[in-house]
Each structure stands twice: as C-alpha cells, then as structure tokens.
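Shared between the two complexes below is chain A, which has chain B as its partner in the first and chain C in the second.
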Partner chain A sequence: MAITSIKNLKEFSTNNDRFEGAHTLCPGCAHSMIVRELMNCTDDNLVVAANTGCLEVSTAVYPFTSWDTSWIHIGFENAATAVTGAEVMHKVRKKKGRLKDNDAPVKFVAFGGDGSTFDIGFQWLSGAMERGHDFTYICLDNENYANTGGQRSSATPVGATTSTSVAGTHSYGKKEKKKDIVSIMAAHGAPYVAQLAPNKWKIMAKGFQKALETEGPCFINTVSPCCTEWKFDPKDTIGITDLSTDSLMFPIYEIIDGHELNILYRPKNVISVEEYMASQGRYKHLFKPQYRHIIEQVQKDVDAKWDLLQRREEARI
Partner chain B sequence: MAVKFDLNEREVWDGNYAASQALRQADVDVVVAYPITPSTPIVENYGSYVGNGYIDGEFVMVESEHAAMSGCIGASASGGRVSTATSSQGFALMAEVLYQASGMRLPIVLNVVNRALASPLNVRGDHADMYLGRDSGWIQFGAFNAQEAYDLALCAFRVAENHSVRLPVMVHQDGFITSHTAQNVYPLTDEAAKKFVGEIVPVDDMLDFSRPVTYGAQTEEDWHFEHKAKQHKAIMDSRSVIDDVFTEFKELTGREYKRVESYDMEDADVVIIGLGTTVETARVAARELRAETGIKAGVVAIRCFRPFPYDEVREALKNAKSIAVTDRSSPGGAMGAFYNEVSAAMYTSKNRPLVTGFVYGLGGRDFSIEEAKRIFTEQQAHADAGYITTDIQQFSGLRGPKLGFFQTDRS
Partner chain C sequence: MQDLKLLANDNRGRSQLEAGFDLLGWDEVTQGSVLPSFDGDATGIANMKAEERTYSGYNSYTATVASWRVIKPVFNRDICIDCQNCWVWCPDSSILSRDKQMLGIDYDHCKGCEVCVEVCPTNPKSLLMFNEHADLEESLASWPEKKKKEKKSEEA
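After this line comes the complex of A and B, so read on.
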C-alpha cells in the first residue's frame, strides 16, 4: 500500500526505514536519497535487485548489509532479469498457495546505474520490459561509470570530461550525445515511464508510487548528481540537482502507455546550461575560448528537447 | 491442479523428451530458458506442458542464455524449484552466471545437451561445453542414454535441494546421439516420481519477508577465500549424498548408478575410461575384443564428473596396466583435462599404470567400435613393453597424418 503522508519530508524520511544509513556511498551521493525515497513510499513487501555498481558495492559488503528487505545482486547487467525471475516465482507460489503469507502484496524493484542500464545491461532490461513482468526498474543516472573511476557511458553528456573521454588540447571531452533512454523505454510500450529528480522529492515519491502501483513493467530514470566525478562539493548535491532540473538538462516528465506525456515540473526561472556547467569541474574546460561553442551547442539541444516535450504534451501523442 | 499425463510402462523417448518428462514429474515451478540446438526440445516441451495444463509452473522465454540463468537465479532465490536447459554457445554465454548460481548455493538443475564450441560453428556433440563448466562449482552428472537422462534429472533435484548440499547440478547428455535418438525408456509413475523427488524446502527464501536475506554480497581478500573454500568443501561433501540418492533410486527402480561405473573390469589389463555415449561404444568393443583376441579389455565410466571421484577412479583402475583416457574436447595446448584428472588419481596409486590420452570425437566425429578396439590393442602393446610406445597424447579419428604430442622419457 502506498504511503499517503508525503507532505512532510522529516516524517517521510523516517517512515518505514528499510534502507539503513550504514553504507559506504560517498558523502553527498544522491543514490541513497533516491533509494530511501523508493523504500519509504510503500508499505508493501519489497524484493530489490541491484546491478553491479556504486549502490551495490556500497550496501552489501559481507558481513554487512544495508537492506532490511529481500535483496539480490548477480552481475553488472542482469538485475532486471533477477527480479523478474523472482516475480515469476512469486506468481507460481501464490497460485499454489505456497507462500508464508499468501495474500501480502509484494513489489519487485531493480536498481541500476547508467552504465548498467544504458550500456551493459541494456539487453536484459529490454527483454524484461518486453516480457511485461510486474516490476519497476530505477536507473540511478550519474552519467558515468563512477564505481570504476569515472569512465564515459552512453549516458555521459556532450562535453563532459571522463577518464575515457578526456578533455585536453585536442578534445573537448565526450563528443557523442546522451542516449535517450526514457524514449527507448516508452517505445517498449511500458505503462509508466518517467524521469525524476531527488530535489523534487514529492514529485519523485509520487512517481515511484505510480510506478509501483501500475501493473506491468515501469521504468524511471533518476538524476543522481555525483560529487566525485562531476566534481562539486558534497554539500551541494541538492543545489546541483536544482541547477540540473532548472536548466532543463534533466527535464522532469512522465510518459504513460508509451505516448501520454506529462511535464511534471516547469521551472519558474529557467537558468542557462552555462550556469549549470559552471557548477561542475567536469565541464571546466568548456569555458576556454576554443571550446565555448560546445556550451552553445548543448544549450541548443536542451532548448530543442524542451520544445519537443512541450509539443508532445500539448498534442497528447 | 495439473491435468493427468498418461504414461505407459515403457515409452519410446529421445534424451530431450526424457529430460523434459523429468521436469514435468518433478513439478518444476519455473523454467527460464533460451532455445539452442540440440537442447531446445527440453524447454519447448516444458512450455507445452504448461500450455496444456500438465504442470502448474511458469515458462519464461528470455532474450539470451545469460538472461536464462539470471532469471533462474532470481527464481531459485525466491524459494521454488527451478530448471532449464542449454548447449554449447548458450552454455558459454551463461558461464558468468553459472559461477554466481553456485556461489549463492542455489539448487538449480541445468540439463546440458553437450555440443561443440565454435569456431568453426558446429551443432554436433562433443564435450567442450561440459569442460567449460568444470570449475564452475556445479555438480555434473553424465547420462549415456535417454533412460539415464531421465533418471539422473530426477536424482539431480534430490541432490541439489538437499540442505547439506545446496548446490546447482548439471545433467549432461550427448548432443544428437542421446538427445535425438529415440530409445526405450521406463518412466516412473507420476506419483512415484513426485514421492521420490519430494517437495522443495527453501533455504534463505527471498519471499519470506519475516527474515530478509541479502544475496550476492561483496567480499574482498578478507572473506572471499573462506567462501570459496566452504563452497569447495560443500561440493566435495556432496559425494555421500549423491551415493545415498543413487541407492534410494536403485531401491525404487532397480536401476543402479554409481559415481564411477566399471564394466568387464574384474581382470582387465587395458582400459578405456570415458564420458558420455563413448562408454557404450567402448563396452561393446571390449566384449568383442575379448572374444576375438583374448585381450583383457575393460571400461570405466564417469557418472559424476564433478565432484571428481578420485578415490573411486583409483580403486576401479588399481589393477590396470595401461589406461586410455578419452577427452572429447580440444585441450588447446595442454593434455586433456580428463587425462589430467585420471593421471592425478593414478599417480598416488601403488602400481602407477601407464596412462595415455586420446583427443577424439570433436564436433560430433563418430567414435567407432573399431577405433575403440585399436586403442585397446595399442594399450596392450604399452602394457607388454612396460612403457608408452606411442605419443602420450594422440588424436583419434582425425583425417590426414597422425597427430600426437609428448613422449615417455626413457633416458
């Protein structure tokens, strides 16, 4: 059952706590905020799977675990498959009356970083979405392989420097555009797909609840600013997230049944991409004269995407 | 409630059909699978049993073998009975997750219809996939015909789900030779099979929310070694459980299985030790050769490839003079893996017989009775000379000039 009292953050944050604070994520990492919100927004039993990544290596180091619920990690790529295997077994055992509490509602959730979601686990995720299991997949998108020292993924934005898209005298960093994972997941015909952010915590909690309550495969991409690899002060995580949503680098929206698009947050004062980029060390080189045109190029792309989202919302297609 | 499936006392089944009937009778809850020749019919049949109400489980066809085993892991950690099937490239794609299934101590039963590994692409049977699984921490049974593919699949659930074992089990059968050859099979009644296999009693059940469990935690140099050592001990200790299950199965059916089986070994001087259908060929050759020449030929078969039965191999071969170990997998720059296992067992024996290795039958190349006789005869020559008179490693049944490597040091 969904938790209804989400008006008060203090109350909400301590509700039904099934994700322990004793983990080894970096100070200032947004992952734990997102995970905690998911775990707190429902009273239902949870089976959680995680791909290999920051979240996984920081929350289940033997003999400790941060998870006060059923949790499984297999490999880098297959959390979606692991959790849907559990979902199928739940269906069979329920049918046969072989569960300890046969009527207790259970929700199935998989977490992956952007590396395991956009890249190495893409096939496993796509397969699980196509099969129509009743589960929710949440991508913790920090736009790089942070767990292994900050390599580029196909979620890394244009212009960011990473250890494998290095900015220097002959390069402005990553050249390829970020993969549009939200559209790809919506194109699977998923009943609920969204992009959410932890600074807009009420919108995020409602989105999570909607996904958990929607029957079928749901996908949510969450912005998870990474102080270590984006290079900002750990105390500024939510401030950086504000800049990401208010610059429209990360627009907040949902797509229902593959076509019905709703924008969930419209910034009152849209800030520039330049201001967003200036807040992070990974874009520092773009402020050199020879690379400034990249900032303009990204601004154009962001404007075009926002325009498209608004037109899709208005047209209801 | 499942629809009753009518069975005759004697059926004519191929190995694939036999394995799928074992899955039906074991009341497998979930099969997560991806099809690959020659094992495809096993999972197709399970799917058709679900589709026609003969079983109350779920069949999930996923997008790859890696996902198939990943889904099996998620399902098995959720406390029900799980099985699947694969071959060859599919087995190779699964390899990463095989280690995770055994590391998490999940009682999954995997039917492996052995097939060569590319390149060159080949759909026929050899043991390259089986060998690829040998360090994966799975128990590995070998069936030599359709009846055994059925029997051993039933036994596999009993061993895997035993609480002192809790390890996944592979049941191997040879691609096409066993999987696609229709033979007489005597199945148990559904009632007898269900009673023998029993109901699964889950351990660390993800769907028991009164006791949350964490699967797949991380360990580094502080604890990883202890976990792997414990896992190794578990598979070594499974030997007595396997023996007990085989004994119980014999009491029920009259069909006897041992981890190592011996044929015409009472007075044998020369021996072929083998895996899979080769054993049946070698048995015929040994009998014929005894009648034709008086050469005292015998055959030793490995029923349980992992845990490897060192003691039983040494015991079975203790009076042999010369042994031919047959490896149906390309060793890629070494002696055959099976050769090495048998040699290791025999090195600590009192009489230390001569041990030669034969790489044979790759990509489904036929292993004939004549070739088996030639190998026995050659072993007799070694026994008479007191040393290995040929290359220690030979390729048997190869076109063109002979290929062999490594000789006895007689200096």
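After this line comes the complex of A and C, so read on.
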C-alpha cells in the first residue's frame, strides 16, 4: 500500500489533508486529531463509514461534508456492517474486473464512538470481526455518549460523573469498571488490535498503517479526550492526553493474532492517577474526603493492569 | 491580513449564506442523499494540495466557522522552527504547511482552540493568542521577549 512517510513530523506534514475544516466538532476536540492522522498516514483510496456520534453529526452537516473520500453513515450501530458490506462488494467487483481502476488500492475503515463500539454497536462489530473482513475499525473513546449530552457508557471509568451516573452526596459517580474492549477484540482472534493515543502521534500513525496493511479485521481503541464532557480547557487536549498515557490510565499497546502483546510506550516518569484525575472536572468530587478512597481504588486497578500487560508481554501470551 | 494564496476558494461561506435560497430543506431531502466532495473526477486527490483541487460547494472546505472565534492565534514566522507540532495537532485542519514549512493559519477554519499555541515548543512561542479584532502587525510588534524559564504563555 502507499503508506506515507512518518519518519518525522516534517515529512508527515507534506501530506495533503483529506479531512477538511469547518466541521462542527467542539474547539479542541481530539476526534478530529485522530481522524486526520488516519487520513494522512496513507495515500490509498479510503472507504469510510461512521457510526452516529459527535464525529458523524459534526462532519456531515447538510449541505456539507468534511470528507474527501467515500464516506457513509447509516445508523448508530452499523458502521462496521456498512463498511464490510462495501468491502465484500469491492472484492467481488474486482474479481469480475468491474471496477473503474481494478488495481487502485482501497482500504476500508469504520469509526465509532465508545457508546456505539462498547455498547450499542457491539454485536455488529463483533459480527464483522468474526466474519473476517479486511477492514480497520477505530473507536474514538471519549468514555461517554458525548453527542447526546454526556451519558455514561461501558467505557466510562469508575468515579467519573456523567449525566446518568451523577456524583453527589450519595454517589461518587460511575460504580462499574470500564469494559476491557481491547482484550475482547483480541479474543476474536483479530490479526491486529491496539490501544493508541494522539499525543504519541508517531506510535499512532505506525499503528494505523499496520492496521491498514494487515489483511483481515483490525481494531484500534484510541483515547479521545473530550473537553466538553471531561471538563477541561480546550487548549489542554494534548496535555490531558499526556496525563492519560503517563498515568497508565490508557496504556499504549498492541496485540497481534490474539496473543502477541507488545507495549508500545513506557512513560519515563509514571504519574499518579490522582494527578490525572485532578486535571478534569468530571473527577472533582473524588477529592472530597468521603470519596478519596475511590482514587486509591482506581490506582490499584491501574497498577494491576500494567503489571498484567508487562507479564503478558514477557511471557508472549 | 495574511495573503497565502494556498486556498482553493475565496468566497468561503457563500453557500452557507445562500443555503436558505436554493437548497432543499431538511424535510424535502429524500432519504439517502449523496454529496460529492469534488466537482468532476476525484482520482488522485490524496496527492493534490488544496489549491490544486476542485472542491464542490458541498465540501466543508468551502464553508467557514470563523464566527466561532473570540480569540485567534497569530503566527510569528521569525521564531518558528517548522517542527510541525501545530500541524499534526490542529483539530480543524487550519495550519497551512507546504514543503515542510509552516506558512500560516487558515482563519476561515480556525476555531481559536489554542491547541497550536500550547504545543508550540519555541521560546518565546511562534504562535500566540490575540483578541479576534487585534491588528496582525500590531500583534507581531508586541511579541514578548525570550523567557528565562518556560512559564505559561500570557495572553496579550
């Protein structure tokens, strides 16, 4: 495939954007940073589908589209279904020699928010992974249903206040743990699964390229800090992403063929979960004396997860 | 203002103004509408710069969100080291880079989020936020001196 050079940022910046401005995502939204990287890491033709969510509603506001590629939206849950349908059609037409340019490389990509990926579109995604289509699914994980006003999803972490897990005198916010979507997708036997973050642009671009190059269903969960619902200043999006990867709340790793786990980023100075949480309004209540133990509880979970990832990497299982 | 000659359209936002007159209303569109991003053949778009493309009136490239802004980033070419941090992290595809050089800001698409200023590594920064109505020449003339210690950038 025609991958573009990501040797350094200067080289990378010679790419011509295929994701245009004047979309209506919030200022500072990480969704578009992630999408731009995906679109810029290859010169191949792209067929993109998006689930309903902030990305979709903000980039296809009639009469405008921000996509310089083939792009389709159908429903909340079925970007994986739509794009894999297109993938099959392409394969068949190619075999019959019925394409305008039979040799043009085409990649199939689906985007979904965490709500559509972890919850409402989960079975559709699982089905597409199981059928083994050649496509890449990218989840923009902002840990809530942002587009409808910030409801909790199964990606929302413990302790976060959302409009349906409201913190107050009787509640510390969400009680249930975040679903481990990366492991679930790896368990489908997918050839490439990863968790990536936009602050580590090179690791992310490499991961995207690997997924696009790999034949078969690939899944990538990306951290997408949402200034509106996480409650931080839009200018700090990259700084907050740094805190998320350096606190190991979002470890950066890949799993190849369902078992070969590689850690892709090891922070030099690991910061505490407390420091990460202090940067966002959605965790503010946890700093009250009666809820402080929740921060410790989350720290323990994060430590245990990091320990597990390292042991899996070492044992190659 | 900046004269970059890198933009494929002047008259941006025109179709937004005209939308009420010659476009179908939301309740008149049949389900399953198709909007072409380009006029004519779109082959090889990935290898064309914006100024070489033929954007259709449906492409948001031809629209503007400039009215969202209350503060704007101003670019100081003299200090910039062309690291392209601002390019990779701008969420609104508004950093105009060509041939590894940062040339300026697309003020029709910039929403004034200030991310570019935050990620700019020079001292003083090569991008700073100013009031939307501040004059560019005056803003550049008031650029701060090099700081001894990296403190948070001050708004002018």
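Rule of thumb we're sticking to: the second predicted complex is superposed on the first by the 308 of 317 C-alpha atoms of A that agree within 3 Å, B and C clash if a C-alpha of one lies under 4 Å from a C-alpha of the other, contacts with A are read in each partner's own complex, and residues count from 1 in each chain.
Note that in this section a residue touches a chain if its C-beta (ideal position, glycine included) is under 8 Å from a C-beta of that chain, and two chains touch if they have at least 3 such contacts.
Owing to the predicted nature of the structure, the values given are computational and were not obtained by experimental measurement.
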**Request:** Quick one: on chain A, after the overlay, do chain B and chain C clash, or do they fit? Just give me the call.
**Result:** clash
**Prompt:** Is A:Arg131 contacted by the first partner chain B, the second partner chain C, both or neither?
**Reply:** first
**Prompt:** Is A:Ala82 touching the first partner chain B, the second partner chain C, both, or neither of them?
**Reply:** first
**Prompt:** So, does A:Lys10 touch the first partner chain B, the second partner chain C, both, or neither?
**Reply:** second
**Prompt:** When the two structures are overlaid on chain A, which partner does A:Lys210 contact: first (chain B), second (chain C), both, or neither?
**Reply:** neither
**Request:** Scan A:Pro63 for contacts with chain B and chain C and give back first, second, both or neither.
**Result:** both
**Request:** With the two complexes superposed on chain A, say which partner A:Ala49 touches: chain B (first), chain C (second), both, or neither.
**Result:** first
**Asked** Which region of chain B runs into chain C, 91-99, 145-153, 199-207 or 217-225, after the two models are superposed?
**Response** 217-225
**Item:** Interface residues of chain A shared between complexes with chain B and chain C
**Value:** 45, 60-63, 65, 67-69, 101
**Partner chain B, residues of chain A touching it in the complex** = 45, 47, 49, 56-57, 60-63, 65, 67-75, 77-78, 81-86, 88-93, 95-96, 98-101, 104, 106, 123-124, 126-127, 130-131
**Request:** Give every residue of chain B touching chain A within the complex, in rising order.
**Result:** 29-30, 32, 56-58, 60, 62-64, 66-67, 70-80, 82, 96-97, 100, 205-210, 212-219, 223, 227
**Asked** In the complex of these two chains, what residues of chain A are touching chain C?
**Response** 2, 9-25, 27-33, 36-37, 42-45, 59-69, 101, 198, 201, 234-239
**Complete:** Counting only contacts in the complex, chain C reaches chain A at residues 12, 15, 19, 23, 26, 29, 33, 35, 37-38, 42-43, 45-50, 53, 57-65, 68, 82-85, 87-94, 97, 99-100, 106, 108-115, 117-119
